[in-house]
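What follows is a single structure, written as C-alpha cells, with notes after it.
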Amino acid sequence: MFRTLGQLATFAVIIAVTTSAYADKSRQALVLSSDFGTTERFVASMKGVALNVEPNLQIHDLTHHIEPFNVWQASYMLAGTIDYWPEGTVFVSVVDPGVGTDRKSVVVKTRTGHYVVTPDNGSLTLVADKQGIREIRQIDETINRRPGSESSHTFHGRDVYAFTGARLAAAVIQFEEVGPLLEPKIVRLRYQQPKRLEDGGVVGSITHIEMPFGNVVTNIPKSLVDALGLSPADNAAVFVEISHAGKPVFQQRIQYAQSFGHVDHGAPLLYSDSLQTIGLAVNSGDFAQQYKVQAGADWTIRLAK
Amino acid sequence: MFRTLGQLATFAVIIAVTTSAYADKSRQALVLSSDFGTTERFVASMKGVALNVEPNLQIHDLTHHIEPFNVWQASYMLAGTIDYWPEGTVFVSVVDPGVGTDRKSVVVKTRTGHYVVTPDNGSLTLVADKQGIREIRQIDETINRRPGSESSHTFHGRDVYAFTGARLAAAVIQFEEVGPLLEPKIVRLRYQQPKRLEDGGVVGSITHIEMPFGNVVTNIPKSLVDALGLSPADNAAVFVEISHAGKPVFQQRIQYAQSFGHVDHGAPLLYSDSLQTIGLAVNSGDFAQQYKVQAGADWTIRLAK
Amino acid sequence: MFRTLGQLATFAVIIAVTTSAYADKSRQALVLSSDFGTTERFVASMKGVALNVEPNLQIHDLTHHIEPFNVWQASYMLAGTIDYWPEGTVFVSVVDPGVGTDRKSVVVKTRTGHYVVTPDNGSLTLVADKQGIREIRQIDETINRRPGSESSHTFHGRDVYAFTGARLAAAVIQFEEVGPLLEPKIVRLRYQQPKRLEDGGVVGSITHIEMPFGNVVTNIPKSLVDALGLSPADNAAVFVEISHAGKPVFQQRIQYAQSFGHVDHGAPLLYSDSLQTIGLAVNSGDFAQQYKVQAGADWTIRLAK
C-alpha cells in the first residue's frame, strides 16, 4: 500500500490534519426555528433527519414558539439572531401556512455569509432589510428531499428543509448544489419604515412584544433619536405616542434611560435595546400588558422632544 | 518506544484513524422524553449524569411536555419519532407514575435497531405495534445505576434511566450488559385498532391532538382509505363521525385534501399526515378546539364514502 | 519543513494525539439558565456568541423558565443541579433585574470544582450554602466582553456572561484570567434555616414548588427527620404544619412513604426527594394546588412525631 516510509508518514499527517480540520471547519451549526412548539414530536423528527445526514452535526434551536402561522414573527426572529452566529451557520425557519401549495422552497445566502432555508412566504422580509441577500436558490426536491418522503405533503419542515439544511451544514452539498439560482427577489411583508418627520419627531412601527417581560420593540434605530439630540445621559423625558390603525392608544412623556435599573420600580422607560433600536419597558414590570400595546404592521409609534 | 520509523508512522496512522472512527461511529445520540417540563432542574440533572458518563455525548430532547403521568402519550411520542433517527439511537422515556414500586425498568431493542430505556408501564405499547420489539432486557441496577444514588427512590429517570441510556449510547456497555433477557412481553395499553367495517366504512381511534395547532391524529392508515377508493386527487367530501364513549360528537362531510392550503381558511379537511395516517385539521385554525374533540382510548372515529 | 522522516512521523503523532486530547479534555460543557423563556431570540443569541468563541462547544440548558426577576429561584436551580455535572462545567445564570446598574459581574469557582458566571445579586446564595465557594473573581469587561458590544447596556447575559462563560469552558482563558480576585463574600438572600426545635419537632422553609407536579420542596434534610426517629419503613404518619407569614395554612398528619406509589391515588405523602431533602406530594396529583401552598422566604414548615 505504501511504497516508502515517507509516503506512509505523509499519509498519517494528512489523515490527522483532515480529522482535525473536519471537526473544526467543514461542519457548521444547524439552527432551527418554527411555530411547532416543543410539546410535539415535530422538532425531534427534524433533528433525527438531520443527524441521519451527519451524526455529529451540531443542532440548536432559535425558538419553536413563534405564534402559529405568523410569518412576520418568523422573519423578526431570524433578523434579530443571525448576526450573533458564526459565518456559515445554516438557519432553518419553518412557519409555513402554505405547506403543500406552490410557494417556493428556497435557500438564501445573506450578505453576512449565513444561510437561511425556508419557504419564501415573507419570512425573509426583515433578513433582506437587515442582513441583506446575496443569492437565492430554489431547493431542487428531486435531489434535496429525504429519501422515501415523496408521498408526504404536509411536513416539508422535516422532509425538505431540515434535510437540505443538514446537508448544507454538514458540507454534503455546497450552496451551488441546492438548486437553480433565482432572481434576487423575495416575497415581502409591508410594514412602516422608520423615518424622521418634518416637525422634528420620528415615526416607526412596533415590530415585537418581547415575552415574558412584555417589552415593546420598535424599528426606530437609536441613531434617529440621537439625531433629535436626545441622549440617556440627559435624563430626558421623551413624548411617546403609540397608535393602533391610526388611533392613539398611549400618549405620555417617559424617561429615556440607559437601562431598566435607572428608573423606579414600576415606571416606564424608553431605552436603546441590545440591537441598538429603541424599546419601551417598565422596570420590573410588563409594558405591553400595563398599557394594552401589541405589535404588528398596524401599530405605529411616534417620538418627539 | 518505537523500534523503526515504520512502527512509529503506523502508530500515527492507527491513532489518527481511531480518533476519527471514535468520533463518528462508537457513540450514538441519546434522546430524552418525559413529563418533567423544562421549567425545573430535572432534565438538566439527567443530562449532567449522562455527560458524566461520556463528556462528548450528543444529547437531544424529544419532548418533556408529555401530560403528567400520561403513559399513552409517552408511547405515542416514541412510536412517532424513532424511525427518523439513526439506527442505534438510544431513547430514554420517563413517564413513571409508579416510580419506586415494582414495575420493571427495561431496555428494549426494536426491530428497527433503536433502543428504548423506560419503565415497562405501557410506554412501549405503540413501539411494539409500529417498530416491533426484538429483545427486552431488565436493567440490572447493581451495575447500571448512578454510583451514590442507592438511597434515592424517587428519581429513577436520572439515577437509572439516563445513566443506563448514556452508558449504552457511549458504548460503555453493550446491550447484553444491560441486565437479564426477559420474555418478549411488555405491559400493553388497550386501544381500538383500525379496521374496515362490513358496510364499507373504516373505524379507528383518535390517538392524539397535535398542539399548538389542534390537529386530530387517528390511527387509520392512509392505505385503508385508499382501499375505499378515496383519494385527495378527487376533491371528495368524506363522511366523518367522531364519538366519545360511543356517543357521536361530530358528524359532517369534509374534504379529503392533499394539504391544508387546498381548502379555504377556516375550513376543515381530512388529510394524510406525515406518518401516512389520516388526520383532521382546519386550515389556519384549530380542529380540536373548534369541534370540542379530544384524544384517548374512548374516542373513536368512523369514515365513510 | 521536516528534516527526517522521524521528525515528520513524530509530528504526525503529535497532531493526532493533540486532536484527540483536544476533543476529549480541554473543553467543558456550558450550561445556561435564565428568566428569558424560550419564546424569544435571547437564548439563541447567547448560544451564537458562545459558538463564535468555539464552534464545537457543548451548550446545554438548565432552564430558561425561572420566574422573571426571581433571583431566589435562580439560586435554587443552580444549587440543585451543579452536583450532577462533570467537574469543570461552566454554568451561566442570568436573572438580572439590575442589568446596567452597579451590581458586580462575577465568576465563582465552587468547592466542587464547577464554575458559575452570574451577576452577584443573590443568585449564589444557595450555591454558597450547598456547594461552597472557593474563589470569586470579578469579570474584567475590558477583556471579557463581546467585541463590538460596548454601546449595549441591556443584555449582559449575551455580551458579558455567555461570552466569558464560553471562553472559560473552551479554555480560551483560565479562571485566573477572568479578572481580579474578590473577597470571598457574596450578596446573600435571607431565608429560614432548618433546625431541630426544643419540643422535638423540626422547622424549615418551603424553598420551591416543583412544576408541573406541584410537589413541595423544603430545606429540611432527611437526616434531621431520621434524628426524630422517623423512617418510611415504619409507615408512620407525621404531623405537618405549613405557615405563611406565621399563620398556619395546612395542619394534618400525613404518611412518610418511600415513594409516591406507596400511598393511595390522590393521597398526600411526605418523602425524601432525590436531593435527600424532605418533600410533600400527592400521588398522581398536585399538592401545592390542592392545599394552596406556595414557596418563598415567608413560607415555613414544621414537622413533629
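Note that the chains are named A, B and C in the order they appear, and that numbering of residues resets to 1 at the start of each chain.
Just so it is clear, a contact is a pair of C-beta atoms (placed from the backbone, for glycine too) under 8 Å apart; a residue touches a chain by one contact, two chains touch by 3 or more.
Here the structure is a predicted model, which is why all the values come from computation and not from measurement.
Trainee: For the sequence-identical pair chain A and chain B, determine the rotation angle of the Cα superposition and round it to the nearest 5 degrees.
Mentor: Answer in degrees: 120, to the nearest 5.
Trainee: Would you mind working out whether chain B and chain C touch using mostly the same residue numbers, over half shared, or mostly different ones?
Mentor: Shared-number fraction below one half, so different.
Trainee: Using mean CA coordinates as chain centres, what's the chain B-chain C distance in Å?
Mentor: 30
Trainee: Pull out every residue in chain A that's touching 2 or more other chains.
Mentor: 5, 9, 12-13, 15-16, 19, 23, 38
Trainee: Considering the complex alone, what residue numbers of chain C touch chain B?
Mentor: Residues 5-6, 9-10, 12-13, 15-17, 19-20, 23-24, 28-29, 31, 38, 58, 60-65, 77, 80-81, 84-86, 89, 210-213, 258-262, 271-274, 276, 284.
Trainee: Provide the residue numbers of chain C that touch chain A in the complex, in ascending order.
Mentor: Against chain A, the touching part of chain C is residues 5, 8-9, 11-13, 15-16, 18-19, 23, 35, 37-41, 44-45, 47-49, 51-52, 55-56, 59, 68-69, 97-101, 151-155, 158-159.
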